[in-house]
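Below: a set of structures, written as structure tokens.
Look for chain A in each of the two complexes below; its partner is chain B in the first and chain C in the second.
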Partner chain A sequence: MMRRYQPFGFVLFVFWCAALLITPMWADNYVVRIAITMAMFSAMALSWNFIGGFVGYPSFSTAAFFGIGCYIGALAQRADAPMVASWLIATIVVAAFAAALGAIILRLKGHYFAIGSIAIVELTRLITSSWSSVTGGGNGLNVPLLGGSPDEVSAFVLYVMTVVMIAAFIVTFLVDRSRLGFGFRCIHQNEDAADMVGIDTTRYKVLAFTLSALFCGTVGAVYASWVGYIDPTDTFSILLTVKVPVMVLLGGAGTLFGPVVGAVGFVFLEEVFWANFLEWNRAILGFIIVFLIFFLPNGLLRIDYKRLLRKRTGTVTGAAKS
Partner chain B sequence: MSELLRLAGVSKSFGGIHAVSKVSFGLKKGEIVGMIGPNGAGKTTLVNLITGVHSLSTGKVVFEGHDVSRQRPFEAARRGIARTFQIVQPFPSMTVFENVAAGSLFGGGSNIAKAIERTEEELAFVGLNDIRDIPAASLTLPNRKRLELAKSLAMSPKLLLLDEVNAGLNTGEIEGAMNLIRQIAARGITILIIEHLMKVLLSVSERVLVLHHGEMLAEGKPDEIVQDQRVIEAYLGAKFAGRMTARKS
Partner chain C sequence: MDLVQIFLNGLVLGTLYACIAVGFSLVWGVLNIINMLHGSLIILGGYLTFFAWHYLGINPILSLPFVAVILFSLGFVLQYLFINKVVTEPVLTTLTLTFGLDMILYNIMTVYFTATPRRVTLDLGTVSLLEIVMPVDRLLGMVLALVLTAMLYIVMRGSRIGRAIVAVRMDNQAAALMGIRVNQIYAITFGIGALMAGAAGTIFAMVFPVTTNLTGAFLGKAFVICVIGGLGSVPGALVGGIALGIIESFSGFLLGPQHAITVGFVLMLLLLLVKPTGLVGKRGYE
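After this line comes the complex of A and B, so read on.
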């Protein structure tokens, strides 16, 4: 409500989407893979932003939503559902799962909520790996392969992931400027006061939690179709559940573009570190988290760059005078 | 005048502690009623029971003829019961304007254009219009209290529960706050005001309720209440109350 936007960000976002979409025309499969990863994590970071950024509930359930999306998508396809239909089924099932789960764990606040939400990831992983008759247990599941050459498959997956990312962005934009987004912010600021001015906080929180799951479900199902084989440790990964919030924090939680900036920046850094410091990349992830908490608690987009610039030029002229 | 709110035998226990026990009273439309009681008498708990923050242990709350005993806070807000908090509860990093708009948008149940209009009216009313774009966290205490008031008023309430709006204000500021409260009452909003400062309370309220140890001790006109032996005892203790009556007679 009553939010003003600078067109600059939107222009940049459109260019960024275009840049992603034309990657397969000029780059090799390695670069396209990175582009897919960026689009995929952008979609998930935008999703997390609803609950973590707008409402301020530190959810670590992303991997559970992603994993369930993977499995539902895979199972639907194995039951001969058309590919796109199985992606939609996965989205709906994950959203319903999040809505039901949210009604239970959103009673917890702060650290307790964080721990509760992380337990969901472990729980879903254990259920998936023990329920062999359906999920194949630790052996995983094969998903019907996408037709076409590797390059064609990558290009196709990239287009789909980018569309999911754009959809997540549009929903973020709509929520940001609506009554709903304003209510989310009020809850973030002061839940008791929000309740007292007439916001149905429980319903709003469940909605935010569901929104945070929705696109993760789609992304998971598309991912399963892309890689062709899924197993519990790969899909319900604790690392994934931590990465996504870190991306949002890096970019700026609760902002419109922050999740995209953070996801892109993080995937880029990760790729650089992974390629150059094979042994140390986890340590570097840890270092980034610590750095964020201490020096960039509000993310890249919340830095007052103008002030920073003025300060620098200020000290330079000051030094010149003395 | 018809009755707006009625409490019938309302009790609340936290474990073995009876914070409020068997309190009954009614508020007529357009009335200003004061509520006093020593610290820990259960005044704030009573406000929390009326607004649905706590659930009732026993008893009934009736608002506009409907049983609202089991309502949740947001439902109370939408029905037209607004409150201010003893310890102010702003949305700290939102602007003053946005704080008040939250009240008019969600509590007032109106569309955005209407909500903005209401917000502007109430900001002008409490005198915060000049600083509408600064974050609520940077307000002084008197202004925070005003913000709290504006936010509640923006909800277009029928009943306003003021929980110690004057706590922490100096004499001049209290005078300003009381003027505002008189003007609010002039609009026809029913007010229940909880206050420690007797002088303030006696000057605005038509009726005073006295709460002690969670029970209703006395109820009556302000000048009767200050003479009431039980009330004097509750505040001063039996020994000093005895001396006071002795001195008077």
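After this line comes the complex of A and C, so read on.
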């Protein structure tokens, strides 16, 4: 069912990437910023999809990975590492952190795993804000500014974020088609049975968890270079850690294109509500979440549009007969 | 003497913590829902108490029953209209839904009540015994917290509703076959959870300033206490709350107050891995 949509989906995705990349040529800085945010959240949503969508573990650690990525990237740059190198260092550190953490907390299931993964965000935030000698504590950290005019900086960040998004997408595609993805889905359906038929569930889960962290680390480091200043409450936010899974749910968990569709849709809605209802934007996001849970439980891409159409035509012909 | 003082501070704080966590624990245990609304409900209770005291001059102890009724109704309606529809879904769905509801409630509170820290100042003075000093309002808070927790325990053990809740927790299908209306019990349970949150808020407003910025902190406390004490039982929440209070008090003294919360979270993660059922947790209920 899903496979039939894919050629069309790939064409759309290529067009979408092209559309993102050409925004600096025609639009002002505001639009470019939105494009950056969309690419950034697409990359994080694609990452979360590995553990949350494929393996089906309710991970709420995204903000921890993002935040550690921010701080490692910033610290590496402050220690005079070249920018790209510091992004790579952040990616590797976050991946190593996730692998080590995953080996420990992936033994938990369901509610306990959810609570444990949220606790990781709180814990990393608390450690970051109290370890002031390294992280600057609550005062935050300044990151060396990118050279160039604001427009040039935005365009550059947009290209980098889009590349990260494309990388995350390609990895998702490869995993989707490989043994690994098959193993992930098996664990989702029945972990004990997957274990029984010879899938090394622990290793698969740790891999999925690491994949879900990897790009968040890169995105975090790039974000730190982009904004030039980071602090613990901003980077390790519970809101971020819930927002990313909500985006994936909006698009369709466990699908190839769902995370991108969800992230773009969510950022778009958020931007509209930010602009028009500054005071109420949080409540409106809450309403979106409630609406999503009740009316789109499987996401936009899992709606059977053909059946919806058929139903409609069915009633029309029925009406015509009578 | 110092150590005794620290211990007592921890004990008083711990009973308040127990009051925070007991409703959260009940909802988690019976409904299998991680209630992200809990922190906001506590603050709502605290704000209602403050406004009743500030504008109408009602003593917090008198306003407590009203806060309890309001919060119970709110919780009942939320569960009946919204959460019951997805109560059997996986944790990702239910947690996200309660988080969405929390965002709405939080936003309403910040817009209408603003995030100014507010506190009911009763000026009851302090009592001291052999160099140990304790403000009377804190002692009063502790007594109220213990009374409320004990009342919940008695209701769960002795009343028909309480037994029905326990039955639903043990096996909701069997409970339904015995003629218990499971959906109603779910709503009542969530209502009681909200009621306990509101009552905890009332007590907190008497002792510390409350502000909407604290919702996350209170929710975090509830997580930690539930994991330390074990899920879904009143004694578990009490033990977990008092343990956390004393641990925070001592680690604040030894490592500095900024590390007290970190120690709680580290402990929680360790316990999750070693003994997820908590210190006094067991499968049944009461």
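By definition in this document, the second predicted complex is superposed on the first by the 311 of 322 C-alpha atoms of A that agree within 3 Å, B and C clash if a C-alpha of one lies under 4 Å from a C-alpha of the other, contacts with A are read in each partner's own complex, and residues count from 1 in each chain.
Everything that follows uses one rule, which is that a contact is a pair of C-beta atoms (placed from the backbone, for glycine too) under 8 Å apart; a residue touches a chain by one contact, two chains touch by 3 or more.
Just so it is clear, the structure is predicted and the values come from calculations on it, not from any experiment.
Visitor: State whether A:Glu279 touches chain B only (first), chain C only (second), both chains, or neither.
Guide: So A:Glu279 only meets chain C here.
Visitor: Check whether A:Leu108 is in contact with chain B, with chain C, with both or with neither, and answer first, second, both or neither.
Guide: second
Visitor: Contact-wise, after the overlay, does A:Arg78 reach chain B, chain C, both or neither (first, second, both, neither)?
Guide: A:Arg78 sits against neither chain B nor chain C.
Visitor: Would you sort A:Arg33 into first (chain B), second (chain C), both or neither based on which partner it touches?
Guide: neither
Visitor: I'd like to know which partner A:Arg302 touches here: chain B for first, chain C for second, both or neither.
Guide: Neither partner.
Visitor: Is chain A touched at more residues by chain B or by chain C?
Guide: C
Visitor: Quick check for you: in the superposed arrangement, does A:Phe294 touch first (chain B), second (chain C), both or neither?
Guide: The second partner, chain C, only.
Visitor: Applying the document's contact rule, which stretches of chain A touch chain B when the two form their complex?
Guide: 1-2, 179, 182-183, 185-186, 189-190, 192-201
Visitor: Give every residue of chain A touching chain C within the complex, in rising order.
Guide: Touching chain C: residues 52, 56, 58, 60, 104-105, 107-108, 110-112, 114-116, 118-120, 122-123, 126-127, 129-130, 238, 242, 245-246, 249, 279-283, 285-290, 292-294, 297 of chain A.
Visitor: Using the touch definition from the top, list the residues of chain B that touch chain A in their complex.
Guide: 51, 53, 72-74, 77-78, 82-83, 85, 89-94, 98, 101-103, 105-109, 112, 116, 151, 155
Visitor: Flag every residue of chain C that touches chain A in the complex, lowest number first.
Guide: 28, 32, 34, 82, 85-86, 89-93, 95-97, 99-104, 106-108, 110-111, 216, 220, 223-224, 226-227, 258-259, 261-262, 265-266, 268-269, 272-273, 276
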